[in-house]
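Listed next: structures, encoded as structure tokens.
Both complexes shown next keep subunit A, but they swap its partner, so subunit B is in the first and subunit C is in the second.
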Partner chain A sequence: MAMTETFRTPFTVKFGPWLFLILMACLPLVLPGRFWLHIFSLTMIYAIFVLGQNVVTGWAGMLTLGQAAFVGMGAYASVLLTMQAGLSWPLAFLASGVICAACGAALALPCLRVKADFLSLVTIAFNQIFFMVANNWMELTRGPMGIPGVPSMQILGWKARSSSDQFWLILGVAAILFFLVARLMHGQLGRTMKMIRDDEVAAGALGVNVTGYKVLAFAIGCGVCGLGGSLYGHYMRFVSPDMFKLEESLLIMQMAILGGLASMPGCALGAFLMIMIPEALRSSEPWLITIRPGVAGATLVALMIWRPNGLLGFGQMPRSIRRLLRLEKEARP
Partner chain B sequence: MTLSMTNVTAGYGDRMILNGLDLDIAPGQRISLIGHNGAGKSTILKAITGQIPVKGGEIRFDGAPMKGLAPEARVRHGIVQVPAGRHVFPQLSVEKNLRVGAFTRSDRAEIERDLDRYMEKFPVLRAKARRPAGTLSGGEQQLLAVARALMGRPRLLLVDEPSLGLSPVMVDEVFSYLGSLTGVSVVLAEQNVRMALKVTEEAVVLSQGAIQHRMGADRLMQDAEFRRSYLGG
Partner chain C sequence: MTQKTGITRRGALKMGLGSVAAAGLMARPIFAQGAPVRIALAAPMTGDSASMGLNAQRGAEAAMKLIEAAGGPSVTFDIFDDMGQPREAASVARRIADSGDYDLVVGHVNSSCTLAAMPIYSDYEIPVLCGSSSNSQVTESGWDNIVRMTIRDDYGAQQYSAFAVNNLGKKKMAILFANDDYGRGLRDKMMVAADALGAEVVAEAGFTPNLDKDFSSIVSQFRNAGAEAFMLNCNYTEGGLFLGQAKSAGVEGIATVGPDSLLYNEYIELAQGAAEGSYILAAYDPYADSDTTQAFMSGFREAYDALPSQVAVFTSDLFILAHQLMAAGSTPKTLIGDIKGTEFVGVGGTYHWDAKGDVKDRTFAVITVKDGKFASTGAAVDETGLDALR
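Our next item is the complex of A and B:
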């Protein structure tokens, strides 16, 4: 399908991500202490989870609430493959992506028989099932005790020992994943998924294989979450079923909605805010600590009222800012 | 024959709506499906597009059996539907809506030519080419939906209830356009019998999943009994 556009890519879109990447790479040099570095590493890992969620929910329009199960599956797969099967981390990392993509596609097939609301329920149930299995399969997962002593990430003999090394490695992986997913979602594949999201009947009538694309969206989204899960497990150096409960799925979903569905920068922004706001409120002031648990909820309520499509979601950026970023031409004829 | 349905049995679950239906459509022929609610109009369309499985009998399109082909594969063969209820993509621009109509095609130059053709034919679509389709009026959206279906270069166009929710003026415009189509067979399922008969050559009157009459639209309009039951006297 030809999609010739006379609209030139604005320089903010062209160079913005690179500038952002360079600034991020400088963070370990300027941040005081290891704590904030840890917070930023965690943010990037969550941004990858949100990216996976966004492919399924933002682009393909399916409200799934079990992404943490795929994160957990990727984490366990990667940890067990390195510790039990002796695979090197990069191989285990890729394998966890493939495993989760396959499981996502397998889950999609029965899921797509049910309508939207029930899809959420089925994925919640899947999350619970995953938790139960991880919690009870003692021989494989050691159950609620979790698996400690997970080796750190290592590539061709280079081991990410210091927190700056780990930060840079996670940044690199996240950048590659964001780049690849952006290529897919801003091309024919993403456009077709959006067609299905916006009007399934019309998409089908025009010759789109609706089921096929939905399964593909599940595979990509769950695969990305699995890759993120591998990073998570080897970064935390520990995995346990508690880390992948339904609450995590809800958190990932909140991040995706907060940042803006179907928005690449929104993935990072959503993860950043949902991790940073509670951390920023972790102060000595007692009243700040008291309101801490409610802030995330209040943020989402405010969002529903003033920014129902998320901070960077479709049509949500004020026109003046869009012009400033050269995302929109001055005036329309 | 462009389309031939032979002894087709189809329905939902265990409930069969069509029981041994025969229907032929010649190249370029326009027919309307007439019948009360539940007579089987939509079921015929769904059986042709492959949205419901055909339990018995056979559907052939240009001689090729359609059995087992998914809806999207049938679109590639040239069976395109305009679904009831104006399914345009509200956030996409009018032009992009037209472009996605060519989803199954890859002949870029020809797509551009078709795009030009339909914009020429509908000045309103050209004037609002850059606007989101959701901002168009109901009638304009219906025209867009028909034009978008034509972008797929169908040889058989199935139009389901195009008058649904349109103002009388827009109904006129949409139907006069449907009547002016050439080079494509059209099956029109429509509640507005008068309008449907105006723009089609033949009409098929359905009752309880079976064909009661099939005759020229003009002759049907003269039929006293038909007028009594479908046009109110």
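Our next item is the complex of A and C:
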């Protein structure tokens, strides 16, 4: 009987993202004050970084620890193209994605000669190299002084001035990027990447071009991070090499792990928690100031013990929740 | 040509809007005498520059005692940790601005944090009283809601160079700089100043702060270049280590000039005797004879068993300045304008401000290390040759 039953997409999967998008779009109307709007804007930008990380690490299974370099590259590219070359923001935004995708693909080639832990080391080194270059190439990046006075995001004469405008613009960009990446990852490309992740030898034996797919994963992941970086630079209106250090890469990785690798909602949840927990703990109390930086780390340790696949890692989601979301059918007696 | 008279629709609209705005202003409670002054202190309480945040906090606490003794409206303050990171600083700024709970901001400490937070404070028109951000961009970016206490990097670099060249007669300088916004900014301006003063930069070397601890190759580079003066554009840890390692390599007796980021006892300890006779040009003189300074210094020593750094002194002075002006009737809206038109005598000396919000007519106190202790020399920087740069 079960074999002949046609598969129907659960309504939570079909309509959930749209409902979420509508609820998010209403946030500026209900949130008191602009601070929380800023936190949500920052969360969405980080969710884009995590999405980029997840393509490479979650779906393609390559443990990279240098995504902040691509975020920085995207931010600097976009800021310099608008401020120095006079490009409009949308063009600079797209260009930063293309530049980062190309650099990601170029980095992938030497990276593919090493595996697992060594891949992490190569990407950490890449992050350091990016930091050093941004810190020392004075003529281009103004070095450690950073670039102040970055213009706000602007599309066809409409400038995102207020916090709500910026929020909606970032939400729109994030929604499009999540939609596109979801289409790719739930299609043939994503399935092939997962196949390579789970058993590279078997995938190769079946005629899959393993190298090509890995390079593609790097290009997409780094391109997404570059696009996010462009948003970040124009949203913060200031860029400096300090913003793209190794710690930032580790934060993005933590978010990806916390949310659950290879999980679309996990990207958003991980970013949300890792931005929100420190913000919620921000206080003038001296003891809270002291413990605050450690809380995120402690959260991650707790997670590794109880939910090693992340909060929304599919295999780890409790069956009751999966049934509630109609992701799994009731067990028949 | 006919001249339009009478009331136009646009004019009526403007008048209407104007009266609404005026009504709004009148309805707004005027800053009442006796109402507490609410200050947000934004500083790096954790992270690499946490020691500066601690000094800011101690400076604020020391100021609170002086304010209590002086009477007038009470002052309350809350600390916001920016971790020395621009992203955190932007979040802190939005949080402070959004809460509407604060009349003014004292901070941030790191220039990169101030630069990241200022667009937000500027949007919300919150007055910012900045202590130690010395990057010239802080007051050159067109924000009219900021004043600062410290002397700008470009002016500082000119003074350090002039002291080495004119006062000490050294024409061959070797520059050691921390490759961050502070050290790099000083180095760039020092190159220009050396040129104007007819001196030569024979060697320069940057290092990554909080990472590089071995300066032996830089020492030999400076020695081989025939340096007559070491210009240290860094903080006390690296400055002290550099001199200590130079001494171990047999490089001694070379004139050394540096900024007040060296003015910590650790500088003398780490240099292992090599700091003797070196000069520090400080934006304030902790050893000045003035009663205000001495009272502050002894109170601070008693409370914390430490010498207050520049950050502590500036934070304390900013608190007292804000309190004085608010007590005299300033409101958050008029505070920055009032500060620019005032002369303030604090622990760090006498301050005046220019239209941009920079301190003017400030001179550096020349401090030296004598018998293993800091001591004021009472010397003044000979500024001959600097005119070309102004």
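Structural remarks
Assume the second predicted complex is superposed on the first by the 317 of 333 C-alpha atoms of A that agree within 3 Å, B and C clash if a C-alpha of one lies under 4 Å from a C-alpha of the other, contacts with A are read in each partner's own complex, and residues count from 1 in each chain.
Rule of thumb we're sticking to: a residue touches a chain if its C-beta (ideal position, glycine included) is under 8 Å from a C-beta of that chain, and two chains touch if they have at least 3 such contacts.
Everything quoted here is computed from the prediction, not taken from an experiment.
Once the two complexes are laid over each other on the shared chain, residue contacts for A:L23 go to neither subunit B nor subunit C. Looking at the shared chain after the overlay, A:F238 reaches subunit C, while subunit B stays out of its contact range.
Contacts of A:A298 after superposition on the shared chain: neither subunit B nor subunit C is touched. Using the contact criterion defined above for the overlaid structures, shared-chain residue A:I129 touches neither subunit B nor subunit C, since it reaches no partner. In the superposition on chain A, contact of A:G204 is made with subunit B only, not with subunit C. Of the two partner chains placed by superposition, A:L180 touches none, neither subunit B nor subunit C. Of the two partner chains, neither subunit B nor subunit C is touched by A:A116. With both complexes superposed, C is the one of subunit B and subunit C in contact with more subunit A residues. Contact residues on subunit C toward subunit A in their complex (touch as defined above): 45-47, 78-81, 83, 85-87, 90-92, 94-95, 97-99, 111-112, 115-116, 118-119, 135, 137, 141, 179-181, 183-185, 188, 206. Contact residues of subunit A toward subunit B in the complex are 1-3, 191-192, 195, 198-199, 201-202, 204-210, 314-315, 332. Contact residues of subunit A toward subunit C in the complex are 33-36, 38-39, 42, 135-136, 138, 143-146, 148-149, 236-238, 240, 242-243, 279, 282, 284, 286, 289-290, 292-293.
Subunit B makes touch with subunit A in their complex at residues 49, 51, 70-72, 75-76, 80-83, 85, 87-92, 96, 99-106, 108, 111-112, 130, 145, 148-149, 152.
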